[in-house]
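Each in structure tokens, the structures are laid out below.
Paired with chain B in one complex and with chain C in the other, chain A is shared by the two complexes that follow.
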Partner chain A sequence: MSFRCEMRLSGEGGQGLVLAGKILAEAAAIYQGINATQSQSYGPEARGGASRSEIILSDEDIDFPKAVRLDLLLALTQEACDRYVCDLKPTGVLLVDSDAVKRVPEGPFKTYRAPVIRGARETIGREIVANIVAIGIITRIAEVIEEESVREAILTRVPKGTEEVNLKAFELGLSMADRLIAEEAGKPGAN
Partner chain B sequence: MSTVSNTNAGPAKGAVRVMTGNEACAEAAIAAGCRFYGGYPITPSSEIAEILSKLLPRVGGKFIQMEDEIGAMGAVIGASLAGAKALTATSGPGFSLKQENIGYACMAEVPCVIVNVMRGGPSTGLPTLPSQSDVMQARWGTHGDHPIIALCPRGVRETYDLTVRSFNLAETYRTPVILLLDEIIGHVNEKVFLPDRIRVVERVKPGADVTEYLPYQDTDTDVPPMASFGEGHRFHVTGLVHDETGFPTNNPEKIEHVLRRLNRKIDRYADRIIRVEEDRDENARVGVVAYGSTARSASYAVRLAREEGIPVSILSLLTIWPFPEEPIREMANRVSDIVVPEMNLGQLAHEVEWAACGKARVHKVNRIDGEPIHPQYVLDAIRAAARGK
Partner chain C sequence: MLRYFRRLEERSQELGNHRRKHVHAVDKHGRLLIDRLEESGLFDRVHLRQPAQDPSAEMDAVLEAGRDIEEKLALLGTYYSIQFLQMNIRSIDLLRLDASGARDRTGVCRDFIRGVGDDFLRLIGGYMTRVLDLSFGDEPRPGFVVCSVGTRLHQDDVDLGIIDDGSKARVNLNRAIAKTAREMMRYASVPDFYLSEHVGAEGYTVSIDEYRRRLDKKILDFVSVTEILSVYPLVGSQALFDRFRRRIIGRYYYRPRGENREHEGYLRGLLGEIESLMLWPHEPERIHPKEDLLRLVGAIVSAYRCVYRIEESDRWEAMRLLGKKVRLYREELASLEKNYTYVETFRHLYQAFSAQKEEIDLVDPVEQNTLQQVALTMGYEDVGVIRAREQLLVRYFQHVRHGRQTVRALVPLLSEHIRKTSVFSAWMRPEAPDEAPVPKKNLPIDFLRHVRYFEGIKYWNDLLEAIENERGDLLDQFLSDMLALDEPHREQILKYYAHWGYQTFYTLERLMVAFGRNTRKRGAREVFEGLNRAFLDTVRGTPDDIRRLATVFVHYPFMTYRYLTLMDDRSLAEFHSKLGGEVWDAQAGRWRDWLVRLCEILRRSSRFFRRSIDRVCENHPEYLLYFGDLKKLDRIAKGILADLLRLPSHELQKKELGAYYDLQFLRIGLATLQGMPLSQLDAEFTEFADYFLEILFDVCKAEVDAEQGRRLLTHDLLALFVAGGHARERAHQDDYDLVVLLNSDSDDVHEYTNQIITRLNREISRRGIMPQYHLADRFGSFVTRFSELENFLSGEGKTSYVDMSQLLGARQIVGSSRLEAEFNRRIIEGCIYENKEIYMVSVIGEIESRRSFMGEQCKGPEFDIKECRGGLRDLEMGMLLWKVMYRIRDPIGGRFWDVLAERCPGQRWEFKELKESYQFLNRLRDVYRLSVAPVNVLNPAFMGRPAELLGYRSGDGLSAGEKLFRDHSKHCNRVAESLDRLIRDAVKFEGGTSPPEGRAEALDR
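Up next, the complex of A and B:
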């Protein structure tokens, strides 16, 4: 059985979702030899407006480079969450920003809530690195791309002089994910 | 013709890269020998200009941002007449503005490459969203009876290859060549290995005798040798119908002669210019004809249909002009139904219908809302056709 993993990072223009998608695709394709595509859909605005970035990973050639049934959906706005949750597989993972997405849809999928944007702003001191915090969480919960590959890809893609702050954001994401996974494991009925 | 080392295509030859169609296009242009870019930035093509503004000066080339698209196309024609392989890239409304000068390049037989990264239209339309609604404009956007070559890649690596091929065809046939990307292909990041070596064609120049030069001379090939301005040959270039000397003519015989040759020089080589790729199932009663990013969606749908036990063939068009009439006619002889998915209202489907000549029913699958055609749409059409509906 061939493997195809589809992720969508959604929110609004200016949140760095396209760059985040590129980093994940590069981490998979260059450092792990998996086939990867990354595509995007955004409006004419420089900031604001709906924005989404999609990553397809596969061990085969990727014919259709856009998402069909999502294995993972990141939603950094309520609008994005409402609009895209229907594309999520029943076995998929929904990751939402817990401040921005107040109404979390019910479904058979697994849901994680994390203060992604607040974490970037308060812990790192730069809201602009929320995308990298999100990458950290995704890396740990999706378990498709290795941590070290993502670190390498971050270092080659982020602007010079911002490597340190971005790596700190990535580490914050990883530790947020550890907490989420521990909470999930502690829930009654969890394996 | 010569084979050259791909020395100017940026870093990491043979290494794995993750890059977009626009990036691949810019790097391929340099590798193919492009040394002039004249343009006016427009989404979703702007990265091609941005990258070439950095790469061209490094290889002794020139980059110029003109006052608008009309001027940009004029600059490209001028650069080519002076001997440079020249490129411009644009989208939607920019492609409309370039049409007058594209016609001039057809008439004056000036080799050049025009990239159009298709976005939704008409007018300013949908600047950031994909479409395939310029395929007819690529053919008939400029007035008059003239041939055109238009290529349509399905992915990033194919964009690289077809950009090189666009320059080679332009130089071989002394003609403008249109490379049609769409927003998905222009902006999708894909894992690619770029070739170490590529085949590069240089234009045929006249002999050293500058007194006898006829810039539009009849030759066995129908492609007259082309002198570069500044190397000694003097000649007249005009958009008016001209004789072999390049000066305007109103002589009906000469008019007919030059216009026939202009069309013949592409028509007679159509077999060499046309490239398609067929994934054929001999038992198929249903065929799919697709191009550009939509061909990717169609391939996915074909895979799903086959998993369901529906035999289906798919023909991907890498050249859309001249139209691949013969491969479509052959498909129509083998299948009863042909599905044509397009991000427009069926522009090429009509051509498919014409080529199929009643031998197969043609079913259009169209989307014009700025979203890509989902494989499910194509699969539904394949299923319906297989059921005979």
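Up next, the complex of A and C:
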């Protein structure tokens, strides 16, 4: 059976979501041979303000790189969450920044709340790597791309001299995801 | 050969991390590539150690060497990666060579950057052609052309626009593109298909007919149009490309006798973009070459290309052709090209050495190293302690600043072009007498119909100017058409306007101000309120909303201020509350704080205080940004004062002196609202108010001297005194009580000095302060002679205790100390102290009669803070009484209570309490003036704002205002009781207060 995974990373301009999208797409395409496309907000909408980046992964050819039925939505702002949650599949995953998204929409999808930006700021000391923290969480939660591929892709995309801090941010994301998964498993009704 | 790959890998270390993808490809398939080339005898036809002259031909050889499709794709990708690394290393080596010691650095940069663009296009074009070919296989192919769009320099991702002929075989094309995209993601640059996505295509490709149908409905956003205008065919049919150019691109060029709707929409989009980029918040410690300059240049060049029909899509070539065609701006275009070349080279090198990112953090040591690498490559060297990167940044900022100025200078031509060619131009043009009026249905609705096509456009300055034009009838018609709609319909239309304006806060705020400030026009207020309601409902207070509102404020502070002052209290509070959320950008955060401060001040301030803001900020809107930095306002004010004497005319000096006064008045008002201690407020207010009078007198005198061609020395002859609140050194006085005394009986000198004071009077009035001349009312001239005053006070005329009080409280501002001594001897001692019993009886009588009168008057909840029992007038009267009684020369005011406490140690606690009450009441009066209204009759219902400013909080069943009112009553009662007791004791001590026989009648109460 063919596999296809659509993800959208959304938030504000300046949060590095386009870069995050490229990293995930390249990790899949270059290091795992999965078909991948990546697209991003464009035109006047990309001039500051809202920002989104989309990744489609598939083992078949991808007809068109536009995500329409999301398997995963990352929302780093309330606005982005409100705007895009309607595109999430009932079986999808909603990952929100728990500080920025206070009104988390209800739905059949699975929801994870994590202090992505705060984690980057307080644990790593640089808010700018919040996108890499998010990549870490997504990698562990989505289980589509291997960690090592993502590490390689991160190293390929981040500026020289910042490799270490970015890898630390990635590890932080992975450990945050572990906690989220453990919490989810501990919920009543969880298998 | 493998050793050579290792060397290539080592050599590429100086490139950014993006090289790793290509190194990975070489590691993975490099061995296989060599093997296959050797096996097939094609090794000599391929360059692996150096950049290829003809990469396309070598790619064919690589494909020939591969055994199956998968292998061919892998080998081709590996060859691409090798060439990509070679190309970049070589171009940088060449730049280093050319830039070292080059006199024309821009020329070197130009050769480099254009060469890099051409090389890259050749490489990626050749690669794509072959991958696409393999991906098609034997499937039927439609007519198609794959175009590169956007900049040719960007190696990180390649923006592609794919046009097909709309035939059934496009399915195969889409499939082939999908495969090609996959390969590009693995080995080359990531392809982006924004254009197809944006036109609403179902696949990667779009036909010309699909473009046409889409464009007939709605304008494309300006970014997509800019991409379309920059298309360059990489692979496929030149004929199809030419057809695309004629039928789609041609729509955006100006047609003197044709339909220009798309052209206009695009230009409006670009001008909106230029305005936005000019206003964008810039972090001081970061640079962003794209937003700093490159986008601006892209926008202005595209706009000019469309106006002048320059089809050349290469930006350098387009600028060269424009320079030839637009003679008026030839120099500007040439210099802009230099700025563009420099910044583009800078950006390219930074990305080559670091990563494909746009924003550069100047304080980050890693980024600083990269910048040093860029600087050395561009030919800069460390000089002493000055690092090469510092020289680079200096030049970068110069290019950016100059480039932005040039772009600004190139905008008016475009604005004028739009004004003349717009579909709205008939609305804006004044009708000629013999011209039939342009039929307009309902203007607001008609406009919405038009703008539906222009969705996303931010530039509407031409229409806004026409609406603001007081001689035009556009505003009247707009308002009357709006009022002609029934209420639900009008509400709906206003919502559409708010929705439209949500994309451009600047335009909407400006439009609302145009409505709101024309209060005399029928419907203006109503439309303002309706539109503002709809706008406030639309704005959600997201980080982006906040940043945009703050950005509009910082660049158009007075317009924003106007808009805020047009709102009622509730709307202003709502607007204020929307600014409370998170903001991402630190600079935007600072700007937001400034806007929040203004909102806070406006929410606390009276119309009286807003008038003082109007007076200052209409000419200096930037001061609105400094409301949180009162020291800065003080420095500016002192600078104005310092500059005064350098000004060439008395008129200018008076004007600037007025500006000094207004600014200081505003500053003290802001300080009051921000809780500056009363004693400091009074001292600072008195200082600048005294300065103002002193200097104004000198300027007016010099003006009279110049006109009369003579100079009379008046230092020992003329004394200017302030009386009343100014004399008591109290802040926030909105009138000046002036006493002008002349120690000469000469009619000539009297006439001369009167002329000076006449001018002085006029200038003071211009500040919105009413000068009062109590004595002038009696003597019929601004200037009163000492002799006249002596005669008057010695009983020949009717004397009033008010005259005496004014003189007793007077403080000299202009005149010599000899004159002051003369005044004290002849007037204060000779005429008042000599008759102190009469004066004291009058004061006591006045206190009693006023209390009884005010008791009758004050039936309602309002109270007069000055005249009520125990109010400020009682305190002032008390001070005058003691001043006369003890012959104290100190001015009455806050410090006078300390003098009294010293003089009467037995009552020092009571004087201390009176001082506290004096300060409390004055503070309350000041705050009420600034936050509610400049009146003495205070209304308990409006005590909320002053209470908040004075630090009261609600609790114990009372609101903050009620608590303040309670404290006010306590103070007044305490003052009344203390004063009564102290005055009674003092009078007893003096031995009675009966005035001498016959003198009492002379007192005119």
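The rule is simple: the second predicted complex is superposed on the first by the 184 of 191 C-alpha atoms of A that agree within 3 Å, B and C clash if a C-alpha of one lies under 4 Å from a C-alpha of the other, contacts with A are read in each partner's own complex, and residues count from 1 in each chain.
FYI, a residue touches a chain if its C-beta (ideal position, glycine included) is under 8 Å from a C-beta of that chain, and two chains touch if they have at least 3 such contacts.
These figures come from a predicted structure and were not determined experimentally.
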Chain A as common anchor, with chain B and chain C clashing or fitting: clash
Contacts of A:Leu174 with chain B and chain C, given as first, second, both or neither: neither
Chain B or chain C, by number of chain A residues touched: C
Which of chain B and chain C A:Gly161 touches, first, second, both or neither: second
First (chain B), second (chain C), both or neither touched by A:Val104: neither
First (chain B), second (chain C), both or neither touched by A:Val68: first
Region of chain C that runs into chain B when the structures are aligned on their shared chain, from 94-102, 274-282 or 310-318: 310-318
Chain B/chain C common contact set on chain A: 22, 25-26, 29-30, 35-40, 42-44, 62-66
In the complex, chain C residues that touch chain A: 16-18, 20-21, 24, 157, 174-175, 178-179, 181-182, 185-186, 190, 192-194, 197-198, 201-204, 221-224, 269, 273, 276, 280, 353-357, 359, 365-367, 369-370, 456, 503, 540, 542-544, 547-548, 582, 584-585
Residues of chain A defined as touching chain B within the complex: 21-22, 25-26, 29-30, 33, 35-44, 62-66, 68
Contact footprint of chain A on chain B as seen in their complex: 16-18, 43, 127-129, 155, 184, 187-191, 293, 296-297, 299-300, 303, 371-372, 374-376
Touching residues on chain A, where the partner in the complex is chain C: 12-15, 19, 22, 25-26, 29-31, 35-40, 42-44, 46-50, 61-66, 77-79, 100, 152, 155-163
